[in-house]
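A, B, C and D are the chain letters, set down in written order, and residue numbers restart from 1 in every chain.
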Amino acid sequence: MKKFLENAEILQNEAIIPDVWKMVFHAPKIAAEAKPGQFVNMQKQGGKTFLRRPFGIVDADTETGAVTIIYRLVGTGTQEMTAMKAGEVISAEGPLGEGVFTTAPGKALLVGGGVGLAPLIFLAKKLDKPVVLVAGKKAAETFWTKFFEPYAEKIYVTTDDGSLGIKGFAVHALPAIFAENPIDRVSVCGPTVMMQTIAEASDAAGVACEVSMEKRMACGIGVCLGCTFESKLSGKRYKVCADGPVFPAKEVF
Amino acid sequence: MKKFLENAEILQNEAIIPDVWKMVFHAPKIAAEAKPGQFVNMQKQGGKTFLRRPFGIVDADTETGAVTIIYRLVGTGTQEMTAMKAGEVISAEGPLGEGVFTTAPGKALLVGGGVGLAPLIFLAKKLDKPVVLVAGKKAAETFWTKFFEPYAEKIYVTTDDGSLGIKGFAVHALPAIFAENPIDRVSVCGPTVMMQTIAEASDAAGVACEVSMEKRMACGIGVCLGCTFESKLSGKRYKVCADGPVFPAKEVF
Amino acid sequence: MNKERIAVNFAGISMKTPVMGASGTFGFGLEYADFLDIDNIGAIISKGITPLPRPGNPGVRVAETPAGMLNCIGLENPGVDAFKRDILPEVSRHSTPLIVNISAGTAEEYGELAAKLDVDGVAALEVNISCPNVKEGGIVFGTDPKAAASVARSVKDHTSKPVIMKLSPNVTDITVMAKAVEDAGADAVSLINTLTGMAIDIYTQKPLLGNITGGLSGPAVKPVALRMVWQVANAVKIPVLGLGGIASWQDAVEFMLAGASAVAVGAYNFVNPCAVEEIAEGMDAYCEKMGISHISEIIGKIND
Amino acid sequence: MNKERIAVNFAGISMKTPVMGASGTFGFGLEYADFLDIDNIGAIISKGITPLPRPGNPGVRVAETPAGMLNCIGLENPGVDAFKRDILPEVSRHSTPLIVNISAGTAEEYGELAAKLDVDGVAALEVNISCPNVKEGGIVFGTDPKAAASVARSVKDHTSKPVIMKLSPNVTDITVMAKAVEDAGADAVSLINTLTGMAIDIYTQKPLLGNITGGLSGPAVKPVALRMVWQVANAVKIPVLGLGGIASWQDAVEFMLAGASAVAVGAYNFVNPCAVEEIAEGMDAYCEKMGISHISEIIGKIND
């Protein structure tokens, strides 16, 4: 898959909730190639950060060239991104990652927690009516459901505190979801423990599972070896940025 | 003299000619104390520069709290200043420098070249109808005259290429100026060779002369000793930032 | 702010906070009076004082670098006599300890200088054996453990004050230097001084600095400084004053977690003249947030 | 662009430009094919290759620092056999010289590794005696001139290729190391490798990196790298490959003015994957502007 470096004009940059922002920028080459699961490596040029920052692609419009990301305010880099305005230019490198989500036919369950839900939106759009499980700490986090509504057949919600949907972690909702829907495969993106528990539960239910990994990255293109891990399946070493970020769960856990 | 650190809102930031910009910011404490010859040490916070950048004070309005600087686009720091917009906040430290221009009664001649003219505008405002000599490389630089018009009794202009005013360097205009005006003292700010030639010519004519010095600075408040020099008069060591920037010409040349 | 929580005793000197102004970046403290309460900081560490007045190096002396700066001041200072006459009485009016940073050409001269400074108003001596910007002495004392020990011994023999040896980072193994001065009787070590660096003007095709090379400091060097503080704190028993690139309370906390008993802010004072006070406030807030009852509890905590 | 003006011969290797991709930051070159014309750069310097495959260090391996980064990859690589079988044939299809960076545990192993790589498609060997992130060998070879010389000799004895010794900046006097490897027969030296640094997570109160310490690189270290290149270029007769913090053509020109015969870009490739090509273009434009007929005219020019 071809990668590009684009000076992208920001089309929109707004807070969805106080700590989670949505940015849309014009990067037609990236938009034309992007597949669900891939990410972009972003940088405000002349800013405070040295390295680029990776974010999953939430949407890519091949016609308008608009690429969307959703990012959580974490530290220096995301802080300076929130200060950017429409019309300003941000450097975008992408689409990155050869390991993308499966978009083959079949009924998919997408499970995500926090900003891990971001790349699943793009996946949902490319699938035929997937089932979605949105896991959040509290109700405020469940604004995510509205992103999935246009594409999902059914949306389940869990919150840690029970303030919305099912009380508990994502994995607690799985038995019911599997019982109520003919799920062929599961695609997960979120905290490691969520991915691991979902992977194990899926395995136990005999359903294939793929996970989107997150590791600290320096290059994002497979040259620094900052993000590698050893496959649990083959012992082979993979680069999260180049061979992933999406892997069969069995390689990871 | 008291110094302050203010988070100053930018009120105006515009190019006068392509490479020379004017910035007005709201720093009421600095404005209240500022004297001609003093400078401010500026920084865009979260920007690319590590050290602050010094600029002479062009105007300080004690009523509105507005402080004006005029700056030439030189490198990283001034480049990032040009990108700032009204409403943004810039950190201003000042007013700095105990060695200020003489504002005692008497007929003063102010001689400046390039951005060296900037602090002389504030001086002109505080004096009673000074004579001003604006020296530039070419006609485009002589926009400066309009800044002096409200305060000056008479404005002379020299350009290196003769495209406006007298052809030649500032010093070439001195004999005529001294002949036509009863000058009591000369205040100069500009390139070193201009300051030195004017100082020598003034001395030859028996007129007192003061010069505003420029040296690379790290602190601007007299602690790093990056900007010191030895007085030609006393052998004493001065700090340009704290003891100056204005000194009697005899101390310097 | 909880003043007790962040008051420390460093090498026998009582300090209101663990944050000092570093030598050569803090003048004699008084210059910062408009920006902070100089009676509310850890200590003032003076510009380097030498036996005789020094004019410093000619030419350009400071240059900006990515996240830092180079300097080649060359120890400009009025000399010890003028310091005692003109400056010490002024600074002594304040309650904040004044640590005098000293440099000399031979171990004997270091001793004589220490003797002259064994007076009221001087809380401790910080012995600079690491100035990269002067020709005589500096570099040998800073890189040869025997020479460093001889300076430490000479100073100890001539003073009743705590002696803090300031180490150079321009060495293969800084723990060797630290152990040498510890064995020679030093009461504490401070590190790091500047890393030797350089900059070139590509249009004149000449070095930018008058002295060709200069000392690099500022946030750029922080990772190196932190590593060395950690190494030294694990190698010696005397307390470590950590510095090098500190520009936030987070940085200061990192140094203490690595093993520093106190910290100093250098070049960043030029950027934020309120830093020494603000960083201490941030450290106090960190204690509050983390449920730490005294800042000294975190010293060397990463080794737990 | 004037291609003749910036084509160079470095240690016997013809290069289209004086700008290479540095070891560990440029993969095997092919990874950059989408961003630049890999047939239009100076050279590809491979990730460090070892006798056997290595998984590298556990835990977090990269961290950002002010104007730079820390890494503790720990020489992850597929080993020399897999390199020769899977990677070398792919890279050899390109006209750009491939310099293979090598690391091993003993002088003998370095020699054996060199012998295995004395094959077509390898333009030269860059011998890493300075990796701060591996336990065996690395640090001794990089800081002890005798050990460094023994590695240089062993490699020279087992290869027909030019041998470039890569020096560590974590030493008191880098010229001693450079002279030692020159005397041992090295054809060139490259410097600097990374400065050892550290970072701490103040909330977990633990080191941020899995290996505790890591190597600092990026613009932050440029002043130190430039100083060392200048020192070494004035101390040895063999050519110097300058690197450390290069992020613009201006930086590259500074290194050549200081005495480097060619340069490499490391961590900045992660920021701008087109850098190796763009920097060469900028250097060409500089020649044009300054009326320089060939880039090699500026090598060491600040000494004039």
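In this text, a contact is a pair of C-beta atoms (placed from the backbone, for glycine too) under 8 Å apart; a residue touches a chain by one contact, two chains touch by 3 or more.
On a predicted model such as this, the values are computed, not experimentally measured, just so you know.
Contacts with subunit A and subunit B are shared by no chain at all. Distance from subunit B peaks, on a Cα-centroid basis, for A.
Taking each chain's centre as the mean of its C-alpha atoms, subunit A lies 47 Å from subunit C. Mean C-alpha position of subunit C lies 34 Å from that of subunit D.
One finds 35 Å separating the Cα centroids of subunit A and subunit D.
In subunit D, the positions touching at least two other chains are 65-68, 218-219.
Viewed as a contact network, the protein chains form a single closed ring in which every chain touches exactly two others. In this structure, the chains touch in the following pairs: A-B, A-D, B-C, C-D. Across the complex, subunit D is touched by residues 2-5, 43, 49-52, 76, 93, 216-228, 230, 237, 242 of subunit A.
Those residues of subunit C that touch subunit D in the complex are listed here as 65-68, 70, 143, 170-173, 195-200, 202-203, 205-207, 213-214, 216, 218-224, 226-227, 230, 245, 247, 250, 253-254, 257-258, 286, 290, 298, 301-302, 304.
Partner subunit B is touched in their complex by these residues of subunit C: 24-27, 31-32, 34-35, 47, 55-56, 60-69, 71, 73, 76, 218-219, 267, 269-274. Against subunit B, the residues of subunit A that register as touching in their complex are 46-48, 80.
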